[in-house]
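Okay, got some structures for you below.
Presented sequentially are two complexes of chain A, the first with chain B as partner and the second with chain C.
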Partner chain A sequence: MRMGKKELARSIMDKTFMTIKKVQLAKYYNTQDPEERAKIILNPLELLHKAVENSKPFLETTPIKRGGHTYQVPVPIRENKQQALAIKWLIEAGKEKDDDMRFFVKFGYEIIDAANGTGKVIKKKVELHKRCEANRAYAHYRWS
Partner chain B sequence: MFRNFHFRAVKTFARPLNSKKSLKSENKLFCSSASVTSNSQESSGFFKASETNPVHLNEKHLGRFYSIDNDIYQKLYVQYHGFPLEYREQCKVFREQCVLVRKPYLDLKRCVDAMDLKKPVVRFVLHGADGSGKSMILGSMAHYGYTKEFILIHIPWIPLWTRYCKEIVPSTTREGFHDHTINAVQFLTNFKTQNAELLQKLNLVTSKEYQWSKREVTEQGSNLLAIVEHGISRPVHATECMYTLFKELKAQSSEEKCKTMVLADGVNGLFYDCKWIKGADRKMVPPSNLTAYEAMKDLFKTDWKGGVVIVTVDRIALDLEFRESTLPRYLLKKEGWELFDPFVPIEVTNYTAQEIQTTIDYYLERKWLQHPAASTEEGRLELEYLSTRNPRTLMELCNSR
Partner chain C sequence: MHTTETLLRRCYGRLPLQPNEINKIPFKEQLPLQLKNSVSGKSEKGVDLSCLQEMAVLFACMKTNDFKEAKCSQEIETYNKCHKEHTERKKLAKQREESGQIVMSHDARNLTTKQLNQLLSKHPQFNEKL
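What follows is the complex of A and B.
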């Protein structure tokens, strides 16, 4: 929500949920196999929770200055910040340049991808974790 | 649990005496809810009537959904605004086209059946609150008219000609008048899709020669489809073709060569100034100077026989300044009232308690309502209360839940 415009935020989320339902129902009605149908999640709220859960990063790098050099030190993220980052990334992915698609349509697709473990947001999280892994040698600078 | 709720609600209503059929289909529910795989994409349950022919729909099917065959749906409704846009989008998702059978629809059907086609044309005006189902009833009358071999003149949504008009050009044949080109071509294409078979079968021919310009002529005695095709290929003459087609159909119906059903949604838009319709000098064109409006108003007069005129007046068809009331006298203004008076008014109200629960059942069966609390008793009552039983509000609520 920006500038306190809750009505706008609400209407965008309503349209997003409608798009998610349409996409998932199309997949659902396209298969007749009951096993595959059981795997498709139709509830948009459930998908959203799963998407946020999947895109939460648990480590990030922060600059710490020791002895005249600035090191990028991997550091754990608090629970609240994890969720905030996940949501922010999902929204940014929805806003990315695609002139034909409305925001709520692209946002819906990003949520579905993230819930499935694919897509831009998951990629961003994985790259962040790789950077942290690469810099693990500097981890002790957090306390020295 | 929701099954019990439905039975409790239904008991208070007068059940039809011949309830054998409904009992059988109730038993069907017990089977269908238990079965996991059903190969057909169609919905099944006690909210669904198995009748697909609109001629046979009667009080037995009141408050239940009937489905329109896919081929007929493609022919009559898909390209054009035959049904409202949100409904057509839902049909794409649900993979089927189901319409609720409501009392105003059955009343209208009975009136149309009882009409004497040898007498001057009767006008039916559907009115009611915003989003109460007028366009849906009008749309389903098109299906009925098609089955009963009426020629359909279906003007789906008049604001497409007023607020959202695509192109206005000065008329070549009438002094001071303006034509809609793209709108008229669209209308003629859809008229052709809806009525081509019937026109060929009835073999209706033009009564005189029509000269569109120095070199283009439609001869006397050629099939009416020739006028339609000329209009489609020459957008400049499209509105004139439309007007001539209407005059021809009126004359032919009066001579009992065919039956015509005129359906128009949002007719009150024709009588108001529209600031979006501008001439070449960027000044607003008044409604009295538009050929298309004249053509449509000509259709609604009572100077012909052998047909029926079904029309809706909708507050939403007008600009925001003119939305004080939903009643016909206010919406039609003096000019419209004089044109339409006398008419048969049919009020379309919000859903009854049974109808709204049936719609919720249908959404649940098609898996559109995903909220876990939606199928509980409290959830249903909440939806009913929040939507004030208005069909459109219910649809908007269910879109995101």
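What follows is the complex of A and C.
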């Protein structure tokens, strides 16, 4: 929400949920297999929660200066910040340049992708973890 | 660029002190030869490290599973638990310190400046000039 415009935020979220529901329903009616139908989640709220849960990073790198050199040390993230980062990344992915799509459409697709474990946000999270893993040697230094 | 010879040449007739000449110069007390009753807290204690082993195990698991979290869920859980416990312990320790209790049985090598100052103030040196 920006500048206290709750109505605008609400309407955008409603449109997002509409697109999610449409996409999921299309998937549902395209398959006749009851097993596959059981796997498809139709509730957009549930998908949103799952997407946020899947895109939460648990480690990040923070710069620590020692002896003139700045090292990127992997450090754990608090719960609140994890959620904030996940939501922020999802919204940013929805805002990426795509002239044909409205924000709420792109945002809906990003949410569905993240809930399935694919897409830009998950990729971003995995890249962050890879950076942490690459710098894991610095975490062992006994900074005194 | 000064070579060794130039550096060792007599400058105003003075060479660096030889070991047998050190005692010839009288010692002058510039600052009082006394220890203070407190330690300065300027040098920070640095990043508090914990859960390194859990982190190492987690990274090993991630590397083998190509960073797929679904396969490393147990390691992630243990790491998060360890981190949570660590933050709680830190919070308790801070509360205990701020309540003004005496230094608990702590690792004698890694006392904080606060604890050191508490101990030193118990056995002060009387540094007044007589």
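Note that in this section the second predicted complex is superposed on the first by the 139 of 144 C-alpha atoms of A that agree within 3 Å, B and C clash if a C-alpha of one lies under 4 Å from a C-alpha of the other, contacts with A are read in each partner's own complex, and residues count from 1 in each chain.
Here, a residue touches a chain if its C-beta (ideal position, glycine included) is under 8 Å from a C-beta of that chain, and two chains touch if they have at least 3 such contacts.
As the structure is a computational prediction, the values presented were derived from the model and not from experiment.
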{"item": "Touched partner set for A:Thr70, first chain B, second chain C, both or neither", "value": "neither"}
{"item": "First (chain B), second (chain C), both or neither touched by A:Ala139", "value": "second"}
{"item": "Which of chain B and chain C A:Leu42 touches, first, second, both or neither", "value": "first"}
{"item": "Touched partner set for A:Phe58, first chain B, second chain C, both or neither", "value": "second"}
{"item": "First (chain B), second (chain C), both or neither touched by A:Asn80", "value": "neither"}
{"item": "Touched partner set for A:Gln32, first chain B, second chain C, both or neither", "value": "first"}
{"item": "Touched partner set for A:Val126, first chain B, second chain C, both or neither", "value": "second"}
{"item": "Partner chain in contact with A:Asp14 - chain B first, chain C second, else both or neither", "value": "first"}
{"item": "Partner chain(s) touched by A:Lys22 [first = chain B, second = chain C, both, neither]", "value": "first"}
{"item": "Chain B and chain C contact sites that coincide on chain A, given as residue numbers", "value": "none"}
{"item": "Chain A-touching residues of chain C, taken from the complex the two chains share", "value": "45-47, 49, 51-52, 55-56, 59, 62-63, 67, 69-70, 76, 79-80, 83"}
{"item": "Sites on chain A touched by chain C in the complex", "value": "54, 58-59, 64, 73-76, 117, 126, 129-130, 132-133, 136, 139-140, 142-144"}
{"item": "Residue ranges of chain B touching chain A (in the complex, touch as defined)", "value": "36-37, 39, 41, 93-95, 366-368, 370-372, 396, 399-401"}
{"item": "Chain B-touching residues of chain A, taken from the complex the two chains share", "value": "13-15, 17-18, 21-22, 25-26, 28-29, 32, 34, 42-45"}
